[in-house]
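Quick notes on the structure that follows.
For clarity, chains are labelled A, B and C in written order, and residue numbers in each chain start from 1.
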């Protein structure tokens, strides 16, 4: 796929993409990993997401009132689950919900996700899966007769819809081409960081700083992917060295117990001291929930976008659902 | 606020209240504690609740079909949760539901309720919170862009909608002015008892008997509030001394392990022996669930109102939701 | 009740049954055990279920949009719960859901199901109960003012809707009269096996092979019921002795720890070797979830019907709901 050369005009998707978009969206059967999203598909998604802001503002639609979304969460995440379920509701649809599918059955421990999906596909029109192991969403997609959306699979897996809403949040603010982004955190196990890196690679002249304690740095598979696609990146362990030059600070958590020098975690925290050193128009994102890595003092700064991210999650997921459900 | 001097006519709200009601309801942004409810607001609520009985009888309404209610329960309570969710459904709306938000996230223990609320406010039009600590609902209300309803916060907190439905249940049966009420149970930690005491204080010539083992008696904050508002009350440890003279018996549980004389719990139980000593037109209420403090033999007595209370919970919560949602 | 003499014509319910059906369905207040279903009622149910296939194919109906179904699951079963909830959604209705009602209340352990039902009956139009003890559904039905559906009660109880969908799955394929059925598994605690045996007994010339390790064979109460109704059956411990002559293989799990000779469990598994010995038009059913007793190699065999069973569960439960809700 050719990389985008769009600069500031990428807020408005070019007309020539439209026909292509439609066919790309028509081919989208499952959402398993962020690499699936070609540039035209991304533009189609973002245009639809933008339209959803208006749909929500006027109270939603009843267009999908005969559709059922099922959430199958083997690990609880109220925020992500609510985001998908609200998206379906604002489209007029219905929701089958699991808070902890780990307790899926009182009878059999370790039930195969394949069997569960084959059954639930009879009861719903789209299934959102959060699985406990990397590859769980792919396994689900392989047997499902209805669209599967990966809502996070394992520590080393992906969380593509989070990355899509992250990117949409940036896209709503500025051109994606030529962007300089610091991705901070426990990157070796960072599902959202991994998914976002794949997406950023699709845009020209992007530069990514992976900022992490050395023992938790981004895994080689992502770095190789970036190398192959000619994306510039640097591995960094010192937040202060990059914070002043990036357009986007994408912060994620670091669990102290995973860092050799436990006290060192604090060095990666975004706080009012670091705020002073950031660009005046920088964007601060965080997938949430947060702990100490993002100080509450940051909340009132106009550059803090993480609560807007959550709202954007609704629009992007509504848009994705329409792309997946509009097949018939 | 002036106390009500209405006597038997308080079943029908006086006409002069109507304009005031509307403005009071318009000012109601969150429901955190029962003290918020002024007399006109209570009368507005009860009139709306009464109307909801007819709405439910004819199968509900679709008027709120583009509204979403989210329940965020850090401690499970299927009854209370279902009551709110059914109220939203009978109004035509939709429901995002948590059974145990304690398992809110697989990633971070001790997530701040403020962050969760800020996110969920993007996905819903009203949030019902049951928090594990007193003050949790207030913290939620402080940051929320949508109405918060307190569905119980901590042992020493409040449960205002329970008290509102308790009072509505009495109101449907008799004048609230001049009422004599025995509130029995583990009162120091009794959320519903506390919330009810605040509400009763709004009506003239009410007398409250707090009946409890001495070590579990009502806390000073409530007693001081009653003193300030000129409400008569007595602290009592012997049910039998008051049971014959009260109009309303409001029973709640006592956990045996909290009583110095464990066997003594039984002395606070309502059973067929005590039934004989009650007024022939007394009302017996209990917020449920119950254990030994309310004998099943009482269920068939015409004075037992506790299952009707549960039905009234639906009407009162429907009414509250309309007051909170009718802003725009 | 007279047994059916219908043979291949039982796919189409005879006209003379219709009036009777209507009155039978009108008398159906709760679904607690499969014995409740007379032959006319079964035929009515199956005709309605068949109709529901068309309703679902065209996207469901909104006819029941003011109805609320509550699921009260004391033991989790996502599949069964989703099946009921999807059935209500496809009918246009709403759903109050519990994933684990065992955590019903944060306050009182061991709350009585009777009190819970009496309360929830105020919030819903039909309640689906999965209780942890045999007889739990009956206890619920005794106090409920709305219809109760038993979704499994205890190890030695019943799971009548599973048996109804099992039977419907067979009925869609061939005449029920004269059928030869092997019911395999841990039959002494097999809720679905027990419920199915009751239903099969209603059809002429049925023969049942109960195939199980001797220590886990079907309990005397079922065998006596079959004797009384003149149904032929054999107790068998060797799958291979019967597999070649039966029309239907109804497989259920066997927990290894319950078999004296643990390794022996494998002898009861359906696998590709056994497939070769089955009739070419045999039907293979399993209520799912499965473990080792049903090999994945069987999945692609045209005789494997267990995933279609799951789809049929939707239709049969939709049909049941209409029978229970169409009273007023």
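One rule holds in what follows: a contact is a pair of C-beta atoms (placed from the backbone, for glycine too) under 8 Å apart; a residue touches a chain by one contact, two chains touch by 3 or more.
Here the structure is a predicted model, which is why all the values come from computation and not from measurement.
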Type of chain B:chain C copy interface by residue overlap (half), same or different: different
Superposition rotation for chain A onto chain C, Cα-based, multiple of 5°: 120
Mean-CA-position distance for chain C and chain B (Å): 41
Junction residues of chain A, two or more chains touched: 97, 99-100
Contacting residues of chain B [partner chain A, same complex]: 65-66, 68, 70, 72, 94, 96-101, 103-108, 111, 115-116, 118-120, 122-124
Touch list for chain C against partner chain A, complex: 59-60, 62, 75-79, 82-83, 85-86, 89-90, 95, 97, 99-100, 253, 288-291, 307, 310-311, 313-314
